[in-house]
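Chain IDs A, B, C and D follow the sequence of writing; residue 1 opens each chain.
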Amino acid sequence: MVITLKPGTTEKGIQHVLDKIKELGFTPHVSKGAERTIIGVIGENAIRSREIFQAMFIVESVMPISRPYKLVSREFKSEDTVVKVGNVEIGGNKEIAVMAGPCAVESRTQLLKVAQEVKEAGARILRGGAFKPRTSPYSFQGLGEEGLKYLAEASEVTHLPVVTEARNVRQVELVARYAHIVQVGARNMQNFDLLKEVGRGKKPVLLKRGMSSTVKEFLMSAEYILSSGNYDVILCERGIRTFEDGTRFTLDLSAVSLIKQLSHLPVIVDPSHATGNRDLIGPMSRAAIAAGSDGLMIEVHSRPEEALSDGFQSIRPDDFRKLMKEVRSVARALGRKG
Amino acid sequence: MVITLKPGTTEKGIQHVLDKIKELGFTPHVSKGAERTIIGVIGENAIRSREIFQAMFIVESVMPISRPYKLVSREFKSEDTVVKVGNVEIGGNKEIAVMAGPCAVESRTQLLKVAQEVKEAGARILRGGAFKPRTSPYSFQGLGEEGLKYLAEASEVTHLPVVTEARNVRQVELVARYAHIVQVGARNMQNFDLLKEVGRGKKPVLLKRGMSSTVKEFLMSAEYILSSGNYDVILCERGIRTFEDGTRFTLDLSAVSLIKQLSHLPVIVDPSHATGNRDLIGPMSRAAIAAGSDGLMIEVHSRPEEALSDGFQSIRPDDFRKLMKEVRSVARALGRKG
Amino acid sequence: MVITLKPGTTEKGIQHVLDKIKELGFTPHVSKGAERTIIGVIGENAIRSREIFQAMFIVESVMPISRPYKLVSREFKSEDTVVKVGNVEIGGNKEIAVMAGPCAVESRTQLLKVAQEVKEAGARILRGGAFKPRTSPYSFQGLGEEGLKYLAEASEVTHLPVVTEARNVRQVELVARYAHIVQVGARNMQNFDLLKEVGRGKKPVLLKRGMSSTVKEFLMSAEYILSSGNYDVILCERGIRTFEDGTRFTLDLSAVSLIKQLSHLPVIVDPSHATGNRDLIGPMSRAAIAAGSDGLMIEVHSRPEEALSDGFQSIRPDDFRKLMKEVRSVARALGRKG
Amino acid sequence: MVITLKPGTTEKGIQHVLDKIKELGFTPHVSKGAERTIIGVIGENAIRSREIFQAMFIVESVMPISRPYKLVSREFKSEDTVVKVGNVEIGGNKEIAVMAGPCAVESRTQLLKVAQEVKEAGARILRGGAFKPRTSPYSFQGLGEEGLKYLAEASEVTHLPVVTEARNVRQVELVARYAHIVQVGARNMQNFDLLKEVGRGKKPVLLKRGMSSTVKEFLMSAEYILSSGNYDVILCERGIRTFEDGTRFTLDLSAVSLIKQLSHLPVIVDPSHATGNRDLIGPMSRAAIAAGSDGLMIEVHSRPEEALSDGFQSIRPDDFRKLMKEVRSVARALGRKG
């Protein structure tokens, strides 16, 4: 890290900082300028002592040099991680992994019908919420374990693996019993205990980006899961919160490319929640694949106008078929398996 | 709610919407304009059917008329809620309730020392984290139950009630055994299961605003707690995430006044986390009280440069004494008990 | 528009509002609910009186029904506008219009060289700044008219039309004398006098989105130009300001699709300024075309490490050739002329 | 500045960077770590060469050490600047300077009436717009020079100096002929030619913060004015754009304290535009003064419900009198002249 001292710091002040650095076992490199003195501190864990220096009154700023995450970084592992779920492979420039299904599991009939429809259109994984995080305590909160059972049945019938959300530490084991991928929702991206819990599990984890989390924080949250022992993590960009009110969130596709630079983990994109606007889901799906996304997560509902949650952002099976055709076409144009 | 139909919607389309409204048990009021038709739907729970209409292809937009929260609203209860913790009263234009102490409990000695110091300076409640939510899995995560025991001891010695955070549903009971107020942190503001858990408890709850949550969402999260049976909720503004990088977050003081309009619940302000800058804590504390805040939450550390977490935003006991004097002076100037 | 009255408004209060509506020449439609009364006001210009009602103490909110822009909207003109510049056509699902060149014109030699290079790689329009808006008064501000002359010469040699920025009302005529398209920069998107000035001109206008402007405001600014008489407007998405600090701005590609829904004007994307990161320009260019963008604006510099401004976000001619190949491939995959 | 090289950079690469630094006349200080090499570059203008290094492929990042502004900084001038306008002094912990009046000048009668009213309540400067920047080309754009004449007349009658906005470079001279302070609006904060134009003038300048500008950019814009020769600059915080939609903008009061640390220039606060909500103007005015603001800018309209622009955020003379009493009381409580 680099420590910058305030203008006018005395020799004694500089010495005080140098002593502290040495006491902590690091090597300081001093550069004295006309106005300010800067001190480079080299050492693998130097940045963990950051706060000690920030708290000193003669210190103007402390800047990290190396990145705060290790296991998720490209520097730690240069080749792409491929997460295997049944016979689906996610990451590593393989086939585009599309997860599709209803926002919430509403009934057995609804789920079996739509599962069959998304399968026929080319989805490789079935999505559907049994435990729904809802802004209002008065909204439909999901069918719970009953919903998980319907998902397991739909998976058996269609041979599609299933991804669904665990909303708190207590649900992780239950969800993992029925699902093939455990989802951590955007509102829980910094629920650190939940991250550790899914990190101790054996099932692959789909981690959604918090709506106001930087890419760095997103990777730090993934680091929690990997450092707890689970390396099968799929990241999902789903829109960030900005001032723009023409869409529900702002889909941040440059984050996809940026993560690909910084990390070896697979990344997918959820344009349904990001835009909250049916008509933008097709274009944003094509754009996501063109930007290098390893897959998509799409809400499909046989009758969106009757959906118990988020009907406005669901598309019909027909539209989904068209979308699949287009994204495959884009993938092939860029030399990927469509 | 008000449903606006797209330009060019046919009579048949309009009739379809009207039928659905009536089927759901509400009364529609139609206004046909030159370009668009709008339909008012009156009924207490009409908005819960919002998504049904949003999903219709002829519908351009659906706008709510009444607010989505009930129990937390001024309309439900017009007089200020006063939360009583020991002999401290928070809310209702009473004495300013200042909660102070270290970011994290680091040791018995450290805590007892600073507890005494903040008490002497005029703090009414002791704060200190035993379970710390940290961005990095490699940072100090708190002393856990050991920290809770030190807090209980410090409370006994100083007669100050204690507030500390429960980070997940499993910790709520444990924390409530030792603390007088259970804190839900900003990163957990939409951890809905945790909200329900503290809502089923008997201890007052300090709910911090999520860093990218609107005031409306903040109140909806409080509604989760009240609707689970616990009416003793204190709201805490602690800065929101914006593009400004000169401060850690942007302290949103207009939220304090806005909440006072919309809700009967007490509101306090945490300028330490919001600014991340020791020199701004004094001015922002004075401003918070001038804006109508019922209290403050301040990080105080006897030796900030040795703090294990967030040392940069902690002030020394001396500065805290000065701060207390100033905020009392502002309070009295505005006719409140200083 | 829809006026919502506060709960508890008396009959006399309601009558007062109704009288005012009629006085202004509009027709009110009243819906009385249990708690609130809402009044629909139909009439083409009703919303212009919005503030009159907002200022009434019994009014809770006033919501617009129709959109505030007219000439730029799809409702006004359903078919795509195609802006013709020389033999290049922008908009209407034609060939992808790529504008490329250096951030700033630095010298005659530099410009002629890079102009030739981008032409060979497939650019259809030459870009380059003669008047540069710079955050610091001490930064290079551009060559001024000298730069315009070099642009004109480069255009003659390569037969590429030229786009360059006019930074204030006084420069519009001068810039229009040399350039084929007059650019209004992001920082000037709400410089309303500049908008009117280019609106009174005859040259096509490239309007960049303000870094914190909503799509609605962006279209309103375009409306200024159209309502001043100039219908040849090209919109350009170039990233918005958010909390994310891993990229310079956040490229908002959903805005491209959204604008296509709302307006008939052509839209292009500038990934160079948006990302500020050379490695993301390729992926974001492909994604922009996949999202439906009519073109791109790319910074190309023969030797980026010697650029006088924004070298970090410039790519080399080699990379640009690769980029052109990829975006054409994506375009063709989606049935457009590559 | 500090240059960080990518991991794995060769000795030859390092030497290339060092040669360039020396060629530019600066002294490098190298620190080689296990993974990365960092190079400190000391020299007053080193940062101006930032882009040269950022553009090198082996460079990971370039971080500035010293601040980019000079004349506006506390380091350049430690004592507070006091701007004198007639017999009013703004800055330097003097009397609170309150500027009040209507959003727009609508008629001679309206202006003279409200000027008298705000004077009686304690305002020291009269505000009112003659050239209004409006989002829509169809909204009332102000009375122009006629409005300026009414302002001059109101100033003569009340002996209050006048502040009003110049919207483009051509209006500066005209506005300066009638007004005592020339205002640069938020949408023009980075209209660099306008900044230079008012910088070449002799009248004090009120510079409003752009709605998405960082404090650093705000100070850089002020630097444009000072470096053009005009040192009488008053900064005005007026709310920034965030995701929060309960208020029109988010008033950033920590910016006031932060600017006081970084700069010697006076700062005032405009709570009317920031909140867009009449009921929040009083609390935010009190908070602004408590945070250390040198003054306020308040919209007052005798009959807000008839205002031609922004009626919703105007308060009545009665409310203004109450507000003045409260802010004076806060000022005196903090040892300032009320």
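Details
Everything below uses one rule, namely that a residue touches a chain if its C-beta (ideal position, glycine included) is under 8 Å from a C-beta of that chain, and two chains touch if they have at least 3 such contacts.
This one's a predicted model, so the numbers in the text were calculated from it and none came from an experiment.
Distance from the centre of chain B peaks at C, each centre being the average of the chain's Cα atoms. Among the pairs B-D and B-C, the greater number of C-beta contacts is found at B-D. Inter-chain spacing, taken between the CA centroids of chain B and chain D, is 31 Å. Computed from the mean C-alpha positions, the centre of chain C lies at a distance of 26 Å from the centre of chain D.
One finds 38 Å separating the Cα centroids of chain B and chain C.
The set of chain D residues that touch two or more partner chains comprises 212, 241-243, 245. Across the complex, chain D meets chain C through its residues 48, 51-52, 54-56, 68-69, 133-139, 167-170, 187-188, 190-194, 196, 211-212, 217, 220, 223-224, 227-228, 241, 304-312, 314.
Here chain D touches chain A in the complex through residues 2, 4, 7, 29-36, 38, 40, 42-44, 63, 65-66, 75, 212, 241-243, 245, going by the rule given at the top.
Residues 212, 214-216, 240, 242-247, 250-258, 261, 274-275, 277, 279-280, 283-284, 286-292, 326, 329-330, 332-334 of chain B touch chain D in their complex.
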